[in-house]
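Think of it as A, B, C and D in the order they're written, each chain with its own count starting at 1.
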């Protein structure tokens, strides 16, 4: 029943899979690694959940294209020239309708692409199928094991008769694997484009240690990524993620947001606008003063935790919410994480015999204390916006355009322009494409 | 195709019941009317989709109870007295986790209840199952035909050895049926409690025509319903409904909201807060001046429709968005209705041969013009907030408490206090229970 | 010292007329009652501070006209007809540039007017001069004694060869005086138009006691007045009044607003928008729930008063802020009143020997405790928006139009339409003029 | 006409000192340069308008101290040590209650200070008097001629027996004068602290040209200054400046803000919050996208200028509003500048014979077209927030603390730490004092 199938970005895949899984239930248990699948062109150089979902995935990609004007305008440019002709890109990112638009843009610009997922849960299976069907060698599915994860990366890199000359990474795992297993690949690689905090951090460490052997572009610290991915995106996804998982009413709820960086600013702004009573914890004095000026009381978590209806972390630090805090929360308190790491909430501390876990919905656990108190934990403390909400295509378009431009720049740069160091994309390059994005608002 | 129409109101339930649906797939096609089901107490005086879903439904009801403090406090009062002892309530409302909390509160207060759905799509099957399991005679399932609808009402009213003495209605269909088929029932009925605009309108007409034969309480025009159900509820559900169906980013989008009553005020406030650029159409000068003072430009629809990214109706009038408007919308424009009626958007005008309809997700149609332009129509012009979002339990709790109090008042009023007329609930009665609701914010 | 008490309502006028006052300083001490002044047409049937200020006043009136489109459009209608021809209006209102536009509109519509001030401090002397110069018999100046106040009213009413047939009152003092001293005047009076809460209250009392001898229009309870004068006007004047008196920064300040009616809603909305951290006290449960839904924590004053940077009253009740509260405020706390009465803050309790009062600016007193703590009291607890900010002409235009329409309706109503009772202006009449006001927003 | 030029920055002072000015009116016309004044300690090494105003000034300084906790906490540290002992600071800043708190803090930390004004209009005469009375050698008054301006600077620098070893400048005029007239002074100077864009620009030019002969600290580009002085300060002062000059109602007004940098962001946020309908012009694509995401339509000025009620410039560019734009504005349009330069509005183009200028209030001109249309020009196109509103002490405290810390750092730095270049204050130094400021919000 196709109507069962779609829905919304991450959550719906769970659903999306339902029917598919249904008709395919025979092989539901079978690992994609153990199946042989062939696309309509006869190729089997990919590994996805179910190539038959390609049509559904194609529709999702087309919907995403509508709100990704910057990428599309970049793609149009390719009709005249192929700035990535000859480029062999190995990529490791989330695999979603939006990244599919990026990958297919790279292909339109002349590149050959092999792709794998940077996260074991975030792959949209039908999108992976659509990419495989269109000829991209994709190795990814939702619910990979750790072994699967590295196997997929390996299949991307280690292929006879094809050698990558560009790397596009999100998190640094692909880069790490190449360094460890196939260092000789770097002889041909002209550059690495990296999007995440973690990945960029690793690159700077390599650079500092003198071990970075090709130029790298740091997309994470571009203004567009910082402002758009974090502030504006989280402003919407915090509401979306909370609503889809808990149906909570925001009006009148008491909320503490831990951390007032760009993510925290976005969360606070949205929750306040919908009538929540929001306070903030923050240790950096500049951010704390901004919180004050923006009308949020700056507090200590342990002073307020008892009264809160929701606790949201986005500090970037570890164990911001401890077991002690969790013990003091009131019945029905919702706890979730919007920060980069999955360790802001000490979820491990909740896995003790006296507490009962009850999975009430996908991504929603009730953790139950002996006295009956329930704390509602979302996504087991992983990123709420990745797990339980959608990321608007428009926002992703901005970052994806930056990634594509960085690839083009590194691939075409005359020798000597970039050394074995980490660079930011020259501002001018980005601005002209932002102007394209602006057209859609006029 | 009933499966196409299925609302994503309670999207999570689909998930929740995955396994259940699975095992029950064999009888998916069978009409509930053709099945015989028995609850664990041996009763079969109900008709629901699948009694086996009762456990899932119970969990949903328990979740809802957590945010419905006003009702729960009313229920506690019943431990000392039973103000509805002897009451035989026949009810016709949406059947959801939240109304289940109302129904079970009435039972706790001493009433016997028979219940049916006021809408053919809005029933949560697993909740209906849970009610049936707990002994309430429920006749309702998601996706009833019109014939099913009246059959269910009839089964509620027309039962041997039991005669209703109270009516709780939402929309007036139950009241209408009793008037038409079983007028003698009114000899025993002490009063009608009605929640909806339409139902209240019918009651006033009856009263004017001298045909109202029992006192009635108008819950729709209570302050709490007007403010909370409309303003605050829609402020959240407009965002939720749009996100779940389209994943659209609100920031920077140009939106026109037709109508600046309480619903329009809620929609405008939320969309503006998330960065949309909102303008308003409004013909009442007081509401129009309020829109101006609140910072929304008051426009004519035909002057702005070409530039809009979204068009939202909430005027209460018919054909506010005409085919001519739809013809002039830009590619990708989203059109939806938040108003009371389903006729604000002239959807019928779109069912012409030159336009292609493509169902891209549940509740989402792309209507495609010959030149390729797509207009994205949500819920086929029906109420977005009922079809595509959830209504927060807290808000429903306020209205449900008013309904319960109105029942208690009418049932216990000394003869002569209420005549054959339409009344509002005395303000004092409501306020003391609102104070209970406030406790949860302190 | 009257100069100490001088209101900063129209702070700019003080500046504007600096030179004028200067040259006139010789007669600064002389009471207007002891001077004989003549306008350029030879009339001396008025009593103002200084007729020579007429030119300054005219400029202020012209500035006000620019933002009062509803009144001006009413005035234009008079070019064809004179709906107030023959009307002899005695009026008692604040005398400001905006009321001058109302008075001159009445004159343009055919009325003869005699006018006096309803408040001993609020008269703009130069505007009174401009009215006197243009032929209106005005009796008013800033800083009247109580004796002056009643003398002025008497001069308006008690004049040979002229008898009022309409009364326009703001506060009921004029009506009271006529009842007490010249009851026979009511034989000719066709009606009373009253704007204030207090005045309307008196009229209802008269009506209840069977003593109201002419029809009266209650302008205070019109929708426009409630919404525009209170919500939208206070939203702006709370900021203006606080800034002009204290130059305080709003960002990050902790504020408690006592009362969440329309005035409180306006204050809270503005302060929150500028970054203050606002909480609310409220005893009505509906208003309290609205505060919650709007994102304001509902508190008890004595629980929070110690932490507050500002305390603002707008409950309509007496002694909301007691000496005990004042004793517990922190150093530098600002206290002011936006409510109807001047008794919300128990200012009298501060006039005790152990506290020192220091007048630091006009309308600003530091009340100093023995330990050096200073509480900053504004306008001695009188209405901040009348004393320390301006009221936008646009808002006043809406109310003034309602007053003019009420006069026209009462003056021209066929006998029998209105009895000796208190009425609201028929809604339809107001709406057509509101539409005029809307034009300026398009 | 000095009285015409008088700024309403500190409008209350005009009131406060009414009597004083009055009694001193005899010497009102005399230039301070021609008077000999002596403070109570017998010194006459200063030149202010009227030393007798010292008491009024002292009160203003004390009021300012209450909201400048960061500076006060820095001052307290001086009780133990004198980090500026031996420092001879020559300073050139606005002279207001707030800078007085800075100057007196430097004195408390051990410095000797000589001070002059960086703007011919912005001096608060009574504050200058208070500083002179307390022993600071101040040379400044409101309404200096250009010749006076340089004379004052010269008197600060060129004094027998005293030679500056530190420079604190705001605008670069003092630095320029020393370079031009007394280059040898730089032999002893340990560093320059500069606050303004313009001044910092000059320093970078000097540095680039190899002519900077001492280290300099750029305070302008510190995070605190950018965020607090611009965003948060302008958010409040735009409202304050418009209200005090025009009493305009913000609700429903159509406003275009030219430029969406920090200043524009602050203006837009405040105006939108009070119900204005705001659009933005912006040429930088990143800022333009931010405007979109924040809900402001990005437009071209010439497309919207005809409909606007207010036009506000804050681009930092020249002639943003041209005569052509002004010709097309509607009657009553308010035009003002919040940007750094005074040339954003082409005011010169309005000084033509066919246009009539009418000064209606201090800082407010009506420019009248032949057809009677009036454009309301504020502060003749100079900075509205400096001319027509107050700057909250809290904000100034943050910047002033940075200036003081920069002085301490440069004065005490071991040789070699700073070269002849322009530096930003090390982040760590600022943060500890920001933490002090935070205390007041808790």
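Note that in this section a contact is a pair of C-beta atoms (placed from the backbone, for glycine too) under 8 Å apart; a residue touches a chain by one contact, two chains touch by 3 or more.
Here is each chain with its UniProt name: A, B, C, D = Adenosylhomocysteinase-like 1.
Just so it is clear, the model here is predicted, and its values are computed rather than measured.
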Furthest chain, CA centroid comparison against subunit D (Adenosylhomocysteinase-like 1): B
Over-half contact-pair match to C-D, picked out of the listed pairs A-B, B-C or A-D: A-B
Where subunit A (Adenosylhomocysteinase-like 1) and subunit D (Adenosylhomocysteinase-like 1) are represented by their mean Cα positions, the distance between them in whole Å: 45
For subunit A (Adenosylhomocysteinase-like 1) paired with subunit B (Adenosylhomocysteinase-like 1), centre-to-centre distance based on mean C-alpha positions, whole Å: 36
Centroid spacing, where centroids are CA-atom means, of subunit A (Adenosylhomocysteinase-like 1) and subunit C (Adenosylhomocysteinase-like 1) in whole angstrom: 58
For subunit B (Adenosylhomocysteinase-like 1) paired with subunit D (Adenosylhomocysteinase-like 1), centre-to-centre distance based on mean C-alpha positions, whole Å: 58
Two or more partner chains touched - positions in subunit A (Adenosylhomocysteinase-like 1): 232, 251-252, 254, 274-275, 289, 292-293, 297, 441
Touching residues (chain side subunit A (Adenosylhomocysteinase-like 1), partner subunit B (Adenosylhomocysteinase-like 1)) in the complex: 1, 3-4, 6-9, 11, 14-15, 18, 22, 59, 63, 66-67, 232, 235-236, 239-240, 243-245, 247-252, 254, 269-270, 273-275, 331-332, 360-362, 389-390, 392-395, 441
Partner subunit D (Adenosylhomocysteinase-like 1), residues of subunit A (Adenosylhomocysteinase-like 1) touching it in the complex: 223-224, 227-228, 231-232, 284-286, 288-290, 292-293, 297-298, 398, 431-432, 434-435, 437-438, 441-442
Partner subunit A (Adenosylhomocysteinase-like 1), residues of subunit C (Adenosylhomocysteinase-like 1) touching it in the complex: 251-252, 254, 272, 274-278, 289, 292-297
